[in-house]
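Here the chain labels run A, B, C and D in written order, and each chain numbers its own residues starting at 1.
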Amino acid sequence: MVGPGDGATAAELGAAEELGRLLAEAGVVVVSGGLGGVMEAACRGARSVGGLTLGILPGRDRREANPHVEVAVPTGMGEARNALVVRAADAVVAVGGAYGTLSEIALALKTGKPVVGLHTWELARGGEPDGGVTRVESAGDAARTALDLARK
Amino acid sequence: MVGPGDGATAAELGAAEELGRLLAEAGVVVVSGGLGGVMEAACRGARSVGGLTLGILPGRDRREANPHVEVAVPTGMGEARNALVVRAADAVVAVGGAYGTLSEIALALKTGKPVVGLHTWELARGGEPDGGVTRVESAGDAARTALDLARK
Amino acid sequence: MVGPGDGATAAELGAAEELGRLLAEAGVVVVSGGLGGVMEAACRGARSVGGLTLGILPGRDRREANPHVEVAVPTGMGEARNALVVRAADAVVAVGGAYGTLSEIALALKTGKPVVGLHTWELARGGEPDGGVTRVESAGDAARTALDLARK
Amino acid sequence: MVGPGDGATAAELGAAEELGRLLAEAGVVVVSGGLGGVMEAACRGARSVGGLTLGILPGRDRREANPHVEVAVPTGMGEARNALVVRAADAVVAVGGAYGTLSEIALALKTGKPVVGLHTWELARGGEPDGGVTRVESAGDAARTALDLARK
């Protein structure tokens, strides 16, 4: 689950929370960057149904994790930790997204991990849209699609 | 200088080589991921005029660097090294580009480094183009723009 | 909890398992490098009483974790991940140890984390023993000392 | 070339400078952590004869490098960058040394890189000295031994 710490819309935060809940109900560990915004909403949703949440943090201090992170990994690597968030996941769901989210989408596509996008970046080259991200319109669709793609 | 190891067009490779030469003539160290394709073309251009080239490699073996890398740093970090390529640069020029290049563009924008793009990714959200990448049409323009933005 | 994947003695493995159990009973998350040997023994001990285990792996594949790792973080960073194991911990207990363990002891001492040692490295400079590692003689002492030092 | 930024003796600094000079005269790139103390002395020595120096920095800012670093790689990884210093080298010479140096010695031994030590850590387990570090008594011996071991 990747998405921005700041600047997410209420709709994006609501979708992230619902998605966290749906993924946790499916028995999945919800991995994120462990900070606020979309990441916190997803963790809150997962914890609300007793799910397990893993936060891979940019700084060195576990206390920078949001309160719904059950297992925090402080990397001290700054945004280089984005590659570790992607490596820890079987599928990536991007909700909203600023440039950090874009880097996680790119790293997932580069390493062959499925990426599901909800209100996130649109990518093109030479005027041709790139088909790497599976685009969905709701949290329910995002959860179903991610679980389906991760199983393949 | 970021760009793909495989699948670049002849025009992209030619532009990368010219760009490497122009940057080296300006006294700049040319930093890249140190592998083939666009990275090798840029290093070849820089070395052709006696420039210094730094290659930050994904693997553990210095011998995976292209022959025009003067100083090789084998990181053993896989694509997580992309964040280090970006950190080592004052400005990023993307020529062509696959998903790895997209991650470097995103990491540079995330950390406030200027990004110049030549035949590279087009980014949008909600149908609105993102203005983060300064788009140019030639190697000469790319070199001038990158040097100018890096000085600011 | 740091220690070797290979070459541990039966006494070291027994101590690691007891230590994992004692730490988990104290409500602590047991963090390790996630592989076999001493790491696996500690995880087995922790899981035997329902504890939570975090394995920070050197490779990219979660399946390289031992079966008692509950949350696996595949870093793909090789032995550079040793710094992340240390960062994720409030105190480090070294049981036995080869060179990888020595690097973790050193990184913990460098960053001011308490280190408890059981049958592990002895360090000196200019013939003078270094006092950085608190040496203990049993798993029980190691658990008590580590919990005590971590609380400070 | 690994060694402490702070607290080195005048003899250690003098040896580091001589060593940097001797290695550069042999045509070797001098790799270090790029900061002050022993690292700066080695870089100064290497530059005094026109050698090439590579500094792999813990922080994100190239300006933290000492003035004798020709190519700086700011990693932003803190002491996790110690693994990268070791990976970039064919042989490691430790002069003096605090805990960070000890971690570099350990990581080099772990990955099979030769380690030469001058006034550095003494390692033992169970009262038995460890033979991993080749101990020498002068900068000249250190340079000869490191060049010899790196060639093997």
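Rule of thumb we're sticking to: contacts are C-beta pairs under 8 Å (C-beta built on N, C-alpha and C of every residue); 3 or more make two chains touch, one makes a residue touch a chain.
Computed from a prediction, not measured in an experiment: that's the story for all the values here.
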### Query
More C-beta contacts across B-C or across B-D?
B-D
### Query
Which one of the chains is farthest from chain D, going by Cα centres?
A
### Task
Can you check how far apart chain B and chain D are, centre to centre, with Cα atoms defining each centre and the answer in Å?
30
### Summary
Averaging C-alpha coordinates per chain, one finds the centres of chain B and chain C separated by a number of Å equal to 40
### Summary
Residues of chain A that touch at least two other chains are 60, 76-78, 80, 83-84, 87
### Summary
As the complex stands, chain A meets chain C at residues 29, 52, 54, 56, 60, 62, 70-76, 83-84, 87-88
### Contacting residues of chain B [partner chain C, same complex]
60, 76-78, 80
## Note on the structure
The residues of chain B that touch chain A in their complex are 77-80, 82-84, 97-100, 102-103, 105-107, 109-111, 119-127, 132
